[in-house]
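In what follows, a single structure is set out as structure tokens and then discussed.
Each chain carries a letter (A, B and C) given by its place in the written order, and its residues are counted from 1.
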Amino acid sequence: MSLLLLIVQTLNGLQLGVLLFLIAAGLTLVFGVMDFINLAHGVQYMLGAYLAVMFYTLTGSFLAALVLALLASLAFGLLLEFAVFRHLYERDHLEQVIATFGIILFLNEGVKVAWGASPLSLPVPDAFSGSVVLMPGLLYPVWRIVIIAAGLALAALLYVLVTWTRAGMLVRAGASNARMVSVLGVNIRRLFMIVFGFGTMLAGFAGIMIAPILSVQPGMGDTVLILAFVVIVIGGIGSIRGAFLAALLIGLVDTLGRSFSVDILRLVMAPSPARTVGPAIASMLIYLLMALVLFFRPAGLFPAKGRG
Amino acid sequence: MTMLKTILAATTAGVLALSAVQAQAQEKLKIGIITTLSGPPAVLGGMLRDGFMLAVKQNGGKLGGRDVQFFVEDDELKPDVAVTKAKAMVERDKVDFVVGPIFSNILIAIMKPVTDSGTILISPNAGTSNFAGKDCNKNFFVTSYQNDQVHEVLGKYAQDSGIKKVFLMAPNYQAGKDSLNGFKSAYKGEIADEVYVPLGTLDYSAELAKIAAAKPDAVFVFLPGGMGVNFVKQFRQAGLADKVKFLSAFTVDESTLPAQQDAALGFFGGSNWAPNMDNPQNKAFVAAYEKEYGGKIPASYAFQAYDAALLIDSALKQTKGSTADKDALRAALMKADFKSLRGKFKFNTNHYPIQDFYLVKVAKRGDGKYETQIAQKVFTDFADAFAKDCKMQ
Amino acid sequence: MTDAALNAAPRRLLARRAGLWRPLALFAVLLVLPVVFGAQADYALSLIERVMIFAIAALGLDLIVGFGGLVSFGQAAFIGLGAYAAGILAFHGFGDTLLALPAALALSALFAAATGAICLRTKGVYFIMITLAFGQMAFFIASSLAPYGGDDGLTLRARSTILGFAPLADERVFYYVTCAGLLGIYLLCRALIGSRFGRVLRGAKENPTRMAALGYEVFRYQLVAYVIAGAIGGLAGFLLANATNFVSPAYMSWQRSGELIVMVMLGGIGTLDGAIIGAAAYILGSEYLSQLTEHWAMLFGPFLVLVVLFARGGLIGLAARLRRGAR
């Protein structure tokens, strides 16, 4: 276990964190502003990836696929919002969970019917298909750097939007007290629709960007969904800053845990049991982390004001 | 006079018995297929069902001369659901055979309800060690292999080809542990590291960094399904494919190659078969499968299910279509008198196959599709290690 | 009765009118089914057994969700713990009910107490997530128990014996035992809800601050309810292990916890009967649908959405509205 490996793993952890932020950003926005638990966020992420594969097959251009898939994701998200979700804003969380769970069932099967059950692939765009040397013998795909850049850019964009624009102010106000905002004359329905559409696009964007390094298959959104929820819960619902920091934290904990749990356990137990107990603990680490955070801060690290 | 009466009685009895058999032979043959048809593993379950049904279709919708009626059930990868559905198949639908499942834990769950009822269970995929050994069952037949065998293929290849240092990786579940144990039982060289990743891991950056740091000659991985797709892509993207030989089991096969594509070219796997196997029945099978199922190349799940159908057909031909005499049926099944797609096939005393195993390599076909191809034979007439513990009644 | 009064407290009126006929009808049907199925119907019995077992778990969940307002996404973990307690004891030769059942109850109650103490410090979606987290932890621990099969699962050679005898081996006997269990838990829950304990719990759901102001230690009441729900889940697990002769970590996945929530919701939250009806609707519905088509999820998903949108109060609420509409 060298210092170089430690540095590389830390970098990997931060990269995973940015990836998680990309996925969780839309979720915390929707949840924070509209108090709406959107379990369908995972399938929106999956749908983005599938749409990208489909448009790429049709157009042969990643850029075209990206734009078309984003637009299609947005359209689909708005359709869902109009048909189902807008009737659920007033309902309690449990009903939102059930309804969005139904959407998950429907779409997971739906993509199988539409595109088959086999995993699909989206190639990395040619312009970014190179690699840089990270460490002797290890290359780091340029596309991953693009993803990190995209994630950081998104974080910056969201921060600017939320803090310095009028729309952002409305979003923050809506997160604190939607009713008051509505009473003050703002078209809350339109605000919600815009926020939801934006959240859907973020989910789809994450799916499209990540598709070149992961497999596109039915159910790919489910694992990601749980991770995203863990991120926003630790970060504090409704807080972009919280989501960003929580995502980095989880990325680091998960990666370093997977990399070094066995080595650490080998200090106290024999190698053979350590090899299987290590990964078991590594799987649990993010949940342990969440339990720990919630023990000291029952509303996450940076709860938006007015939540509770 | 009594002599004549006896002869007459015997003849009448014989004719009646024969017509009873004939009557049964006209009755439809009921086949229950239990497989995973929901969730990501549905692609494998679908191949099992499709492979079996193709065989029956090519046989004019019959097995052993009898028309086949299918009962297809989705086990949803839930053992308790599988138990209910298996019970329904044997009791309500009164199937003559149960074919399936894909997954080991489902097999373990349904073994008792199916075999206790006297129905014969044929697994075209899952082949756990306990049922090969101490828990062997006279009503259970396997047309695939014993799970550990495939991993040993790669271990032996690594050992024989002089690979000095191997990095091992598998998911942290029972099959993963069995896999690495199987590899290690045949490979006696240096193990750089033995890593178990959480099931469902998407991003292997951490593990790839470990591999690069360890500088092994080869990696051996067992990463089925989406895990394999992700790992293969990321392994190639990390530039490791040029430096480290890629050995694997169930990680690069026809169910994942359409997604892995060029990233998997030249990678090795282990199997009892490959689509390019050179015998007439296999060539016909692959062509027919592609034609029937939208150009997809079959994976082992499909061919093993096809063989299961051929096995049933051959046994029923010997019992003249009757499933009434179970002992005769079992004996007929044991004979395995059919032209397997993999060439030669025979059963061991524990009803698991004795067969050849090969190193397979991923290649691109002339028409641009990806498949595994036979690279070299590694084991001839390989029997599993658990048969000696089987005391079948 | 004026319309206002009817709309103001529909649930109370429903309860009084429905009174006993609904549970009576339910249990009458359950008792009679084996006779209707006739002989040699083990598979049909096993299907209804699964309904009853999950109904038991759903009852425990309805207790804390419907009456306590505590949405737990970890109920399946208790089922798993109960099942594993029975399974592991059976593996080591201690397959008697007198040992296995208390062990199952104790294990799930202990886990509920330990995790509940932490979970109940949070509220709303945080509570949901932290119960999910603990459920996941139990899942991973069970998956890593290699001597007990890990994720391959563990077979029980035979069902639990009772004082050395093996009556449960007979499917009908086991069916009626499960039915008795369901009835017992139902009566227990009903008694709890009607008691002072239940009133405090419901009060805490409506307005915890007020209850605290009245001098009640809300946290303690909720913790007790959480532990009871956990133990009920453990009982369901014990029965499930026996029903399938098999235990596996698959019994404790977060998807299963989600399914239990759906069951409670489908039947009608906070009605207790709803838990049983919801479990039946969900299990029988998905069983039936999966016979129709392999793409049954595409029908079931929208069905859930429609139930939430239009059938507030689940199937029971829907039935009541239809009845009222018919008048």
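In this text, a residue touches a chain if its C-beta (ideal position, glycine included) is under 8 Å from a C-beta of that chain, and two chains touch if they have at least 3 such contacts.
Owing to the predicted nature of the structure, the values given are computational and were not obtained by experimental measurement.
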item	value
Shared chain contacts [chain A and chain B, defined touch]	C
B-C or A-C - the one linked by more C-beta pairs in contact	A-C
Chain whose Cα centroid lies at the greatest distance from that of chain C	B
Intercentroid distance (Cα basis), chain C paired with chain B, Å	37
Whole-Å gap separating chain A and chain C, where each centre is the average of the chain's CA atoms	32
Interface hub residues of chain B, defined as touching at least two other chains	38, 172, 177, 199
Touching two or more other chains - residue numbers and ranges from chain C	143-144, 146, 297
Per-residue overlap in chain A, given as positions that touch at least 2 other chains	108-109, 112, 276, 280, 283
Of all residues in chain C, those that touch chain B in their complex	40-44, 46-47, 50, 143-144, 146, 149-153, 155, 240, 243-246, 248, 250-251, 287, 290, 294, 297
Chain A - residues contacting chain C, complex	31, 37, 84, 87-88, 91, 93-95, 97-99, 101-110, 112-113, 222, 226, 229-230, 233, 237, 276-277, 280, 283-284, 287-288, 290-291, 294-295, 298-300, 308
Parts of chain B lying in touch with chain C, wherever the complex brings them together	37-38, 72-74, 76-80, 83-84, 87-92, 104-105, 108-109, 111-112, 128, 172-175, 177, 199
Residues of chain B defined as touching chain A within the complex	38-40, 42-43, 46, 172, 177, 194-203, 205-210, 212-213, 215, 225-226, 229-230, 233-234, 237-240, 243, 255-256, 258-261, 296
Chain C - residues contacting chain A, complex	65, 71, 118, 121-126, 128-130, 132-134, 136-137, 140-141, 143-144, 146, 254-255, 258, 261-262, 265, 269, 295-298, 300-305, 307-309
